[in-house]
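Let me give you the structure first, and then I'll get to my questions.
Note that the chains are named A, B, C and D in the order they appear, and that numbering of residues resets to 1 at the start of each chain.
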Amino acid sequence: MPVPSPVLYPPFNVVRLSHVDLGVTDLSASRAFYVDTLGLQVTHEDDTAIYLRAMEERGHHCVILRKGKAEVGVLGFKVYAEADLDAAHAFFKGEGLPVEWVAKPFMGRTLRTADPLGTPLEFYAQMDRLAPIHQKYALYSGVKPLRIDHFNCFSPDVDASVAFYNSFGFRVTEYTEDAVSGRLWAAWMHRKGGVHDMAFTNGRGPRLHHLAFWVPTPMNIIDLLDLMSTTGYVANIERGPGRHGISNAFFLYVLDSDGHRTEIYCSDYQTVDPDHEPIKWDLKDPQRQTLWGAPAPKSWFENGSTFAGVPTQEPSLKAQPIVAP
Amino acid sequence: MPVPSPVLYPPFNVVRLSHVDLGVTDLSASRAFYVDTLGLQVTHEDDTAIYLRAMEERGHHCVILRKGKAEVGVLGFKVYAEADLDAAHAFFKGEGLPVEWVAKPFMGRTLRTADPLGTPLEFYAQMDRLAPIHQKYALYSGVKPLRIDHFNCFSPDVDASVAFYNSFGFRVTEYTEDAVSGRLWAAWMHRKGGVHDMAFTNGRGPRLHHLAFWVPTPMNIIDLLDLMSTTGYVANIERGPGRHGISNAFFLYVLDSDGHRTEIYCSDYQTVDPDHEPIKWDLKDPQRQTLWGAPAPKSWFENGSTFAGVPTQEPSLKAQPIVAP
Amino acid sequence: MPVPSPVLYPPFNVVRLSHVDLGVTDLSASRAFYVDTLGLQVTHEDDTAIYLRAMEERGHHCVILRKGKAEVGVLGFKVYAEADLDAAHAFFKGEGLPVEWVAKPFMGRTLRTADPLGTPLEFYAQMDRLAPIHQKYALYSGVKPLRIDHFNCFSPDVDASVAFYNSFGFRVTEYTEDAVSGRLWAAWMHRKGGVHDMAFTNGRGPRLHHLAFWVPTPMNIIDLLDLMSTTGYVANIERGPGRHGISNAFFLYVLDSDGHRTEIYCSDYQTVDPDHEPIKWDLKDPQRQTLWGAPAPKSWFENGSTFAGVPTQEPSLKAQPIVAP
Amino acid sequence: MPVPSPVLYPPFNVVRLSHVDLGVTDLSASRAFYVDTLGLQVTHEDDTAIYLRAMEERGHHCVILRKGKAEVGVLGFKVYAEADLDAAHAFFKGEGLPVEWVAKPFMGRTLRTADPLGTPLEFYAQMDRLAPIHQKYALYSGVKPLRIDHFNCFSPDVDASVAFYNSFGFRVTEYTEDAVSGRLWAAWMHRKGGVHDMAFTNGRGPRLHHLAFWVPTPMNIIDLLDLMSTTGYVANIERGPGRHGISNAFFLYVLDSDGHRTEIYCSDYQTVDPDHEPIKWDLKDPQRQTLWGAPAPKSWFENGSTFAGVPTQEPSLKAQPIVAP
C-alpha cells in the first residue's frame, strides 16, 4: 500500500498553496500572456517584477513575474497563524533542511526553506490584503481566472515526496500506482479541501510541471482557446481541452513564452473530510489521464521548469505512462 | 461593529455541515421531488425514511426524508475527530445546553444537542462511507447536485446567534447590518472554506429558511427550471434565477410539497484564509439581495420550516428588507 | 381561426430583418451602452450617427444610432434580389401605401415605404459587405451579440398587422389568442427560418416594443447582467432573465438611456419548413410569458418607442395579459 | 477560382437536408447508441427499423436505423412544395440520372434519384408531422440533440460535386483549396441558412463521412463525452472536442457500433444572405481543421460509410491534409 496514512495533527497548519515566483526573460511578453491573455490582475509592477492576483483573491499576489532566467524562484504557502511559522521553522530545521527568515515585499514574516529534493519553499501567515474585486465584472477578461489552485512538480521519487509532505499534513486524494513495482507514479495532495494544493509526478526533478488556476466552467476554457488561437498563441496550447480521469478536472494546458506551463482547471470536488478516501488509478489506464481516452503529448511528460540553482535527478522508477504517438 | 472577531482556536473542530432530517407528510411525493426532480441519489429507503446523497458525496447521506409532520428534525455537522465530539459535549454542557449521545443508523457516535434558541443539532465524526459515484455520469439527472452546501435559519436575534456559533469556530464571511440600530440583520458563517455552512436571517425563529445544494454552473439551474416548469412543479419555483449580491451566488429557490425550501446555488468563492475579511452590506441596498436589482417575494422573507417541538420567538429587530410589491 | 394561411409564393422575397435606425438624444451615452456594454462593433461613426454590426454579420450595419429625438426612424429588411425590390415597390404602391426610392449610405437601391399603420419600412437588396470578424475573438465583449434577430412592435390591431405581413410572405410560428374574442393578442412571424423576424403585440401603436440580438447561450446573458449590475446600469435591466413559453427563448430585456428596449435572446428553434405548424397560446396562460411562471412587469406591457412622425392609436382589443403586481 | 457562382433561381427549391437511412447490423446495439446515449427520440419501431427524431423536429424522422448491412441506404431532402418535386424529377432526368417515384412510410410522394457519383438521394415535400416536444424537458437526455444539421460526403472529385449541387441551388459557404493544383479539396454548401446542409471532402467516394446533429452549446458535447466515457463507449470517441476553423463549429465525432460517424456540432452561423461570401482556406492551414491547432486522426480522413450498391472511386486529387502523427 503506497499511500501513507494521513497525519491528523500535523506539526504546523498549512492553509493552502499561495503563490509562485516565476523567472521570465521578457517581462512585457509575459505580461501580454498572463495579464492580457489569461486575465490576471496586476497589483504591483516595476522594472523588475509584476505581481498578479486572480479575481476572487484578496491576498496581494499569487504569481510574481520576475525578470531573469526562465526558472522558478520559489513556491509559496500560507499557514494558519504566526505560531505555525515558528513550528514550521522547527520542523524543517529538525529535518536537517535549510531554514531562513527572509524579507519579502507585501508579506509579513516569511520562512524560506526547501524540501529534501531542494524544491525552494516559503511559508508565511500574513500577506497584504486587498479590497475584493470579484464583483467588479468589468475587470474580468481572458479566462477569467478565479484563484490559484495548485502546483504540480516532477519528482524523481514520488514515494519519498509524498511521505515528506504527508508528514506535515498534506493528504492524498488520488494517486497512480505502477502495478509492476507497486510504487507511486503520481499523487495529488491537498490542504485546502480540493483535490490538490500540490501534486507529484514521476520524472526528472525537482521541476515545476505546472501551476494551475481554477475557473468555474469549461466555457471559460473554450473562450481562452478561441482567444489564444486567434491572437498569435496557437502554438502555446499544449494539451486539451479534456477531462482528467484523476481529479475529474476539465483541463487545458498552455505555455508562456518561456515554456512555463499553466493549467486552467475546473470541475474538481470537495475533500474536506479528514476520512476522505484516496482513489487509486493504474498507470496503464488511459482514462486516468484523459477520461475521454486521448493520451497526452510527449512534451507534457517531459518538459518542466527547473528551480533556480537546484540540480535535478533522474527518477529511479522507469515505468512509462501511455503517450500520444 | 457587530461582527465578532473569529476564534482562531475553537474548542472543537467542526469540518462542515453534513445533513438534515426533514419531516415530510408523503414520502412518495417527496421522493418524486428530491430524487426524480432534483436528482439526489437514494442510499437507503424503507417504509419510514429515505436517505439521500449528492453526486460527489462519499458520506452515506446529506438528507433524510422521514415520514411525519412537515418540520425539521435536526441539523447535522461533521467534526474532525472523535476527540472533537467529546470536546463538543463539554462545550455545550458548559453552556447549559442539553447534551445526549444518541444512536443513529449509518453513523458512529453522535452527540445530540441544541443551540440557545433550541435549534436541534447533532455532531458526529464518522458516518458510513460509500464508493464514489461522481464519475458515474449515467446517474446524473435533474439539477445534478454535487454536494450539500449550507443551512440558512431564521433567528429572532441574529447578533446572539452569530456570537454563539462564532464561539465554536464559525467565521463570518458576509453580513447585513441595519444601519439604524447597528444590529445584524443577517450573517453568513463558514467552517469548510466557502461562503457559508450556516447563515442566519432576522425573523421568527428558530426556523430553517432553507438548505442548499452546490452545482457548478447556472446552466444546471436553468435545466432544473425547464424541467420543473414542464413536469407540474411550476408553482414550486419561489424565487430566481438570480445572483445574490451577498455571496455572489447564482441562485434558485424551490419548495417541496411540504413547503421545505431548497436553494440551488453556484458561483460562491473560497474563504479558507483565516484572515479573510467579512463583507458588509446595508439592509436597504437592493443589490445585496439580488445583484441584478429584482427584490425577493414576500413569502421568501416570511416562510420557513419549524424544528420539531421547538417554540419560536418573534425578532426584536423590526427593520424590514426591500420586498417585491 | 385567427391565423391566416401562409402565402407560399409571396409577391416578393424578403430574406430577413436587417437593421433599425434609432434616434438617440446623446450619442456618447448610447455608444457607452451599445458598444461598451452590449459589445456591438462600430463600422462607421461621425458627428451625427454611429453604425454598428454584431459579431457574425457581414452587412455593414444592423443598428444606426442617430443623434436626434428618442424615436425610431425606420425598420430595414433585406430582399433576395434587385427584382424583388421592384416587385415590392409595385406591391406597396398597389396597396395604396407611400413608396419612394431613397439614397442611404452604405446601401444600394433602397425602397422607403410604410405598412398600413404607418410603420416606416425600408427594403434593399445590397448593403456594403464587410470582412468577417466572427473568429476575431479578441473583439468579443459585453454580451457578445452574434446577430440582430428580430423586431417586436405594438399594434393596435394585431389581426390586421398579421394579415398584412402574411400577404407578402411572413409566416406565423406562434401566437396568443384572446379566448373571449377569438382575436389575436400577439403573433410571431418569420422569413429567415427562426421563430421571428417581426412580432406584433396588442397595444397602442405602431410603436417598436424592442429589437433583439441573438446569443448562443444563457451564459452570455448572465455575463451581461453581472456587467450591467456593476457598471451603473442596474436600473436599465427591465425584465429577466427567464425563458419565454412562446418561442422557448431564454431572454433578457434591457433599456438604453433613451428608453429604447433591447432583448438579448437565445434558445429559439428552426422553422424553415413551409408546413411548420404555428403554436397557439392562451392569453391567460402565465407560462406563455415566462415558462417558469413569473409575470412580466407592467412597464414591459406599456412602454415602447414611437416612430418618427407617426401617430399612434389605442388598440380595440381590451383584453389584458397577466402582469406582475 | 474554384467556387462556382451561386444560382439565384435554381430549377427547384430544396428547403433542407432531412433524413438518412442507415443500415445497421444490430438494431438493439444501435438503439442503445442513438437513443440511450445520443438521446434521439423513437417515433416508430418494428422488427426491421427504428425511426428517430431530434428534440425540436416536427417531421416524423431524421434517422432510420434499418436492420441490414452497415451501409447507407439514402440521403433525404425536403423540398418546398409538390411542384418542386416535379421540377426535381425533370431536372435529374434531364441530367441523365435515374428517377423513380417510390412509396415510403410516413412520407408523401417521394422522388428517388442519385447524383452523378451514384449517391442515392430522395426528395419529398411532405412527411408526417408530429406534435412539438421541444418543451417537454423531461424527455431530454444524452447530448440533447435539437435537429439534424448536415451530411458530409467523401467525393473523388469535389469540384464536380460542388458544380452539380450548385446547379440546383446549394450555395458554398466555406471551402478548402489545394494551393498547388488550384482544385477544391473540400466545400461546405447550404440551403437552409446555416454553414451547410451538405459538404464534400476529397477521398474515395461516394461515401458518407458523417451526419451531424445541432446542439446549442459546448456543454452538451462535454456531457456526452462524460457519459460515453463511463458507459462503455470510450473507444467510440474518434475526434474532439475542438473548434473547426472552417464553420467555426465546436465539434465532436463519435462512431456507432457499425462505424457510422456522427458529428455533434454547435456554434456555426447564419448564412441566409444570397450574397453571403464564401470563406477560403488553404489545405495546409492546420487551423482550418482545428482552430486550436490539433490535427485530426488518420481514421477521420480515411473511414466512411459506403452507399448500398454504389461502387466507389479513388480521388484524382492526391494532395493530403495535415494528419496527427
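The working rule: contacts are C-beta pairs under 8 Å (C-beta built on N, C-alpha and C of every residue); 3 or more make two chains touch, one makes a residue touch a chain.
If you're wondering where the values come from, they're calculated on a predicted model, not measured in any experiment.
Chemist: Applying the document's contact definition, name the chain pair with more C-beta pairs in contact, A-D or C-D.
Modeler: C-D
Chemist: Among the chains, which one keeps its Cα centre farthest from the Cα centre of chain D?
Modeler: Result for the farthest chain: B.
Chemist: Could you put a whole-Å number on the gap between the CA centroids of chain A and chain D?
Modeler: Distance between chain centres: 44 Å.
Chemist: From the mean C-alpha coordinate of chain B to that of chain D, what's the distance rounded to whole Å?
Modeler: The mean C-alpha positions of chain B and chain D differ by 50 Å.
Chemist: Taking each chain's centre as its mean C-alpha position, how far apart are chain C and chain D in Å?
Modeler: Chain centres of chain C and chain D, defined by C-alpha means, are spaced 32 Å apart.
Chemist: What are the residue numbers in chain D that touch two or more other chains?
Modeler: 135, 217, 219, 226, 229-230, 291
Chemist: Show me the residue ranges of chain C that touch chain A in the complex, using the header's touch definition.
Modeler: Answer in residue numbers: 135-138, 217, 219, 223, 226-227, 229-231.
Chemist: Okay, in this complex, where on chain C does chain B touch?
Modeler: 217-219, 222, 225-226, 228-230, 234-235, 237, 241, 243, 250, 287, 291-293, 324-325
Chemist: List the residues on chain A that touch chain B in their complex, please.
Modeler: My answer: residues 8, 15-16, 56, 58-59, 78, 80-81, 126, 129, 132, 134-135, 146-147, 192-193, 216-217, 219, 245, 248, 266-267, 269-270, 272-277, 279, 291.
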